[in-house]
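Please see the structure below; I have some questions.
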Amino acid sequence: MNNLLFGLLTGSMLAVATSGFALLRNTERFLHIAHGQFMALGALLAVALGETFGLPVGIALAVLITSAVAVACGKLLFDPVKHRGANVLLFTSVGLAFVVYAAMIALFGTDLRVFTVELGAARPIGPFDVAPGEIVILLVAVVVIGGLWLLLGRTGIGRDIRAVASNRELAQIRGVAINRVSMTVWAVAGALAAIAGIMTAVLSSVSTESGWGYILLVLAAAVLGGTGNILGVIAAALVLGIVMDMSSLVIDTAYRPIVAFGILIGVLLIRPQGLFSFQSRKEAAA
Amino acid sequence: MNPPRELKVIDVNKTFGGVQALRNVNMTISGTGITALIGPNGAGKTTLFNVISGFGTPYTGRIIFDGQDLTGLPVHKVARAGLVRTFQTPVGISSMTVVENIALAIAGSDLDYPWSPFLFWRKDRSRRKLAHDAAWTQLEQADAAQLGNRAMSDLSPGDAKLVEILRQLALSPRMLLLDEPAAAMTVNQIDTLSGIIRDIAQRGVGVLVIDHNLSFVLELAAQVHVLESGAVIASGTPAAIGNDANVRRIYLGGDEGTHAA
Amino acid sequence: MISIEFLVTIATLAFVFAMAAQLLNLEAAWGGMWDLGIAGLIGVGAYSYVLLTSSPDAAVPGAGLSWPLGMLGAGLITAAVAALIGWPALRLRGEYFLITTFAFAEILRQIIIIRRDITGGTFGLTSIVKPFESQFTIDGYPYVRLGLTVLLTVIVWMVCSRIATSSYGASLRAARDNEPLAMAMGKRINVLRLSTYATVGLMCGLFVGPAYSWILGALVPSVFSSHLTFTLWAGLVIGGLGSRFGPIVGALLLTGASELVRLVHVPDQFADLHAAAHPALVGVLLIAVLRWRPDGLLTESGTFARLRRRHSRPDTARATPVSTPTVPRIAHEPSA
C-alpha cells in the first residue's frame, strides 16, 4: 500500500514537471528538451541558496531565478528562430540543455546534493505509512496544479494561453497579445520545472546529471497524455508514477524505468495518440 | 484478345466520421477509353477514388481490377497491380528535379533493398541511367524538356499538373486515375490537358477522371457516372447523362461546376 | 603542453563520432526517421563486441572470439535488435517515433545495468580486445588504432554514399518527402524504412560499437546515455543534415573543439569550469549554427546538386536549386 503512496508522490512530481512541458509544447509548439535541465537547475539552486538563506527563502529564490532564466531564454534564444519550425526549436533546446548542464557543473560541481531537511518519521494514516514531509509534498503538488488550473481557467491571461494553444494563428488575428502569452508560458514552465525538481530533490537527491534522466520521464508522460489539454498530461503522469511504483511489488525495483518506458511503448502501439487525447489515430500513426 | 481490363466496383459502402460517404456503389469502368466520375461537392467522389486506389477500405464491397480482387490491399500493391492515381495537389517529390521525379517512376521498385546498391551495383547504375534517359525522352515527347532540371516547387500550377500526370504515366499503368486534373487551370491549359488524356487513352491505358469542371469532363469521356450523397444516381454516355432528370436537378441550368478557374 | 598521444586519442574519438553521425544522417536526414535512440544501438554494438571477444576466464566471462568475428557478431546482433525495435516503432510517426526510440534506448541501457552478471553492470567491462594490440608497443598502438578507426570511417562513408546515390536511396528520400505519393508509386515504405534502420543497426554493431570500445578504458553503461545521442545529433546538425560530408565535418569539428578546450590547463579551483567547458561548447555551437546557418555547414541540396551535375543533360538549362527538407518536418503537429 505504501507503494501506492510512493506512486502518488512520483506521479505528482512528474505531473508538475510535465504540465510545464506540455504548456510549452501546446503554445510554443516544440519539445523543450532542456526542461529536464531546468528541473535540476531549480533543485540545485534551492539547495545552494537554502544553505545560505534558509530553506523557504532558498526555494522561493530558486523558483524565481529559474523562471526568469526561462523567460530570458525564450526571448533571446527561441523567439528569433521560431519561424524556422519545430525542429530548429527542438535542437536549440538541446543546445540549451547542454549549456544549462555546463552552467550547473561550473556552479555546483559534480557531487550529489541532498537537501538537509527532515521529512519526519513515518506515521500510519489509514492504510499508509506517511511522513509529514511527504504530505507536505503532496499538498504542494495539489496547490501548484490547482493554481495552474485556476490560471488557465479563470484568468484573462489563462484564456489567452488556451486560445494560443488551440490555434495560434487565429489567436494572433484576433488580437491576442502573443508576446505576453509567450513570456507567461515560459515563466510558468520555468517555475513548474523548478518546483518539480525541488520536490524530487527533497524526496531523494539531485546532481548535475539528473536533468538527462528527468527529461525522459517527462517526455514519456507528455506523449502518453496526448496533445489535448493539460489535464490529460497530469493524469498520464499520475498513472505513470503509480504504475512504476506499484510494479515494484511484483518485480525488482531496478526495473522501474523499464516499466515506465515499456508502458509508454505499449500504449503508443495500441493507441498512438496517447491515453487522453482526442486526436485521431491516423494523425499519429502510419 | 483478352477481355478489356475492367475496374469493377461492387456494393461498396463506406462510413466516414459518422457520415455514410458511399452507399452501395456499383459501377463498371471500362479498361479502354475515358470514364468520368462527377457529382456535387461532398458526393463521395474523392472517397470512392481513395477506396479504389487503396487509401481507404470499404466497410463492405469489393474492388476488382482485371479479375484481381484489390479490396483492402495497401496502396503500393494497388499501384503495382497497374491501377495508378495522380494527386490533386501535384507536389511531387520535393527534393528531386522534374526529370528525377519521372526517372524515379520509370526505374521501378525491384532494387529498393539495402543490399541492392552493393550486390547489384552495375545493374542499379545502368537502370538509373536508362531511367534518366527515358525520362528526358518522355519530357521531350510531351514538349516539356525545358522543365526537366527545374525543382518541383518552381513550376507553375499547369506545369506541375502536367509533370504529375507524366510521372504517374511513367509507371506504365494499366488504368490511370486522375484526381481533379483540371483544377486551377486556364482554358488553354485544359485544352492541352484534354489532348494529353486522349493520347493516353489511345495508347490503351484506361482513364478514370474526377473533376468539377463539367464541360471539360463531358467533352472527354465516353462514359459518365454521377454520384450524389454517396450513391450512383446515373450512368451512361455524356449525352444520356445530359438528359437525365436527376442530373439536371443537381446541376440546375448546368452552371454549377462548369467554370474554369 | 599538448601531448601527441592526447591529440591522437581525441582524433580517434572524433572519427568514431563521425562514423555514428553518418549513420544518424542516413536514417534521419535521408530516411526521415528521427532517431533519439542511436546511443542504445551503439551500446548494444559495443557490449556485444566486448562480450563476444572477452576471454572466458575474464572477470565477466566472454565468448573468446577473435576481434573480426566479434565485430561481425556484434553487427548481426545489433541489426537484429534494431529490427526488433524498428518493427513496432516505425508504425509511429514524428514525435511518437522519437520518444519510442528514446524509450527503447533507455530500456537497453537499464537492461545492461541490471544484468550485471552478463554485462558487469555499472562497474563495466575492462578487458577489451583491441585489434593488433599485441603486435605493437604501448606507445605505437594509438596510431594503429587511429588508422583503423579512420579506415572504418571511410568504409562507412562509402557505404552511406553508395546508398545515397542508388535507387534504394532515391526511394528512401521519396518516402521521406511525400509518403502517400511514394506509396502510390509502388514503394513499400515499411520495407524501405525498416531495412534502413536495421542497416544502421548493423553498422553500429559492426563498426561504431567496437571502435568506441577500443578507445574506452572501460565499457560502462553511462557512456550510452541520451547525452551521447544528443552530442551526435549536435554534430550532425552543425555539419549539415543530409549532406555526404557534413556529418563527418560536424563530428570532427565538435569533438575537436570541445575536447581541445579541455587542454587548456587551469588551476584546481577552476576544475568545475573546466569540466563544464565541453558541454558548454557543444551547446553554444549548436545554438549558434541553428541561429545563423540552420541548414548546417554543408547542405543536402548542395550534395545532390553536385551529384546531379554528373547526370544532367549538357544542353538544357542549368538546374535551379531544389528545396530540400534539410531540417525536415517530423510532423510535430501531426499533419497529412
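To keep things simple, chains are lettered A, B and C as they appear, and every chain counts its residues starting from 1.
The criterion applied here is as follows: a contact is a pair of C-beta atoms (placed from the backbone, for glycine too) under 8 Å apart; a residue touches a chain by one contact, two chains touch by 3 or more.
Nothing here was measured: the structure is a model prediction, and the numbers come from that model.
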item: Category of the chain touch graph - line, ring, star, complete, other; value: line
item: Chain occupying the most central position, where position means C-alpha average; value: C
item: Taking each chain's C-alpha mean as its centre, the one farthest from subunit A; value: B
item: Intercentroid distance (Cα basis), subunit C paired with subunit A, Å; value: 29
item: Rounded Å distance between subunit B and subunit C, as computed from the means of their C-alpha atoms; value: 42
item: Interchain centroid distance [CA atoms averaged], subunit A/subunit B, Å; value: 49
item: Where subunit A touches two or more other chains, by residue; value: none
item: Residues within subunit C bordering two or more other chains; value: 189
item: Touch list for subunit A against partner subunit C, complex; value: 29-31, 33, 77, 80-81, 84-88, 90-92, 94-110, 212, 215-216, 219-220, 223, 227, 252, 254-255, 257-258, 261-262, 264-265, 268-269, 272, 279, 283-286
item: Residue ranges of subunit C touching subunit A (in the complex, touch as defined); value: 88-96, 98-100, 102-104, 106-107, 110-111, 113-114, 189-190, 225-227, 230, 233-234, 237, 272-273, 275-280, 282-287, 290-291, 294, 327-330, 332-335
item: Subunit B residues touching subunit C - in the complex, by the definition given at the top; value: 53-55, 74-76, 79-80, 84-85, 87, 91-97, 99-100, 104-105, 107-109, 111-114, 116-118, 121, 124, 127-129, 132, 136, 145-146, 148-154, 167-168, 171
item: Residue numbers on subunit C that touch subunit B, as the complex places them; value: 159, 162-163, 165-171, 173-174, 176-178, 180-189, 191-192, 195-196, 198-199, 300-301, 304, 308, 311-313, 316-325
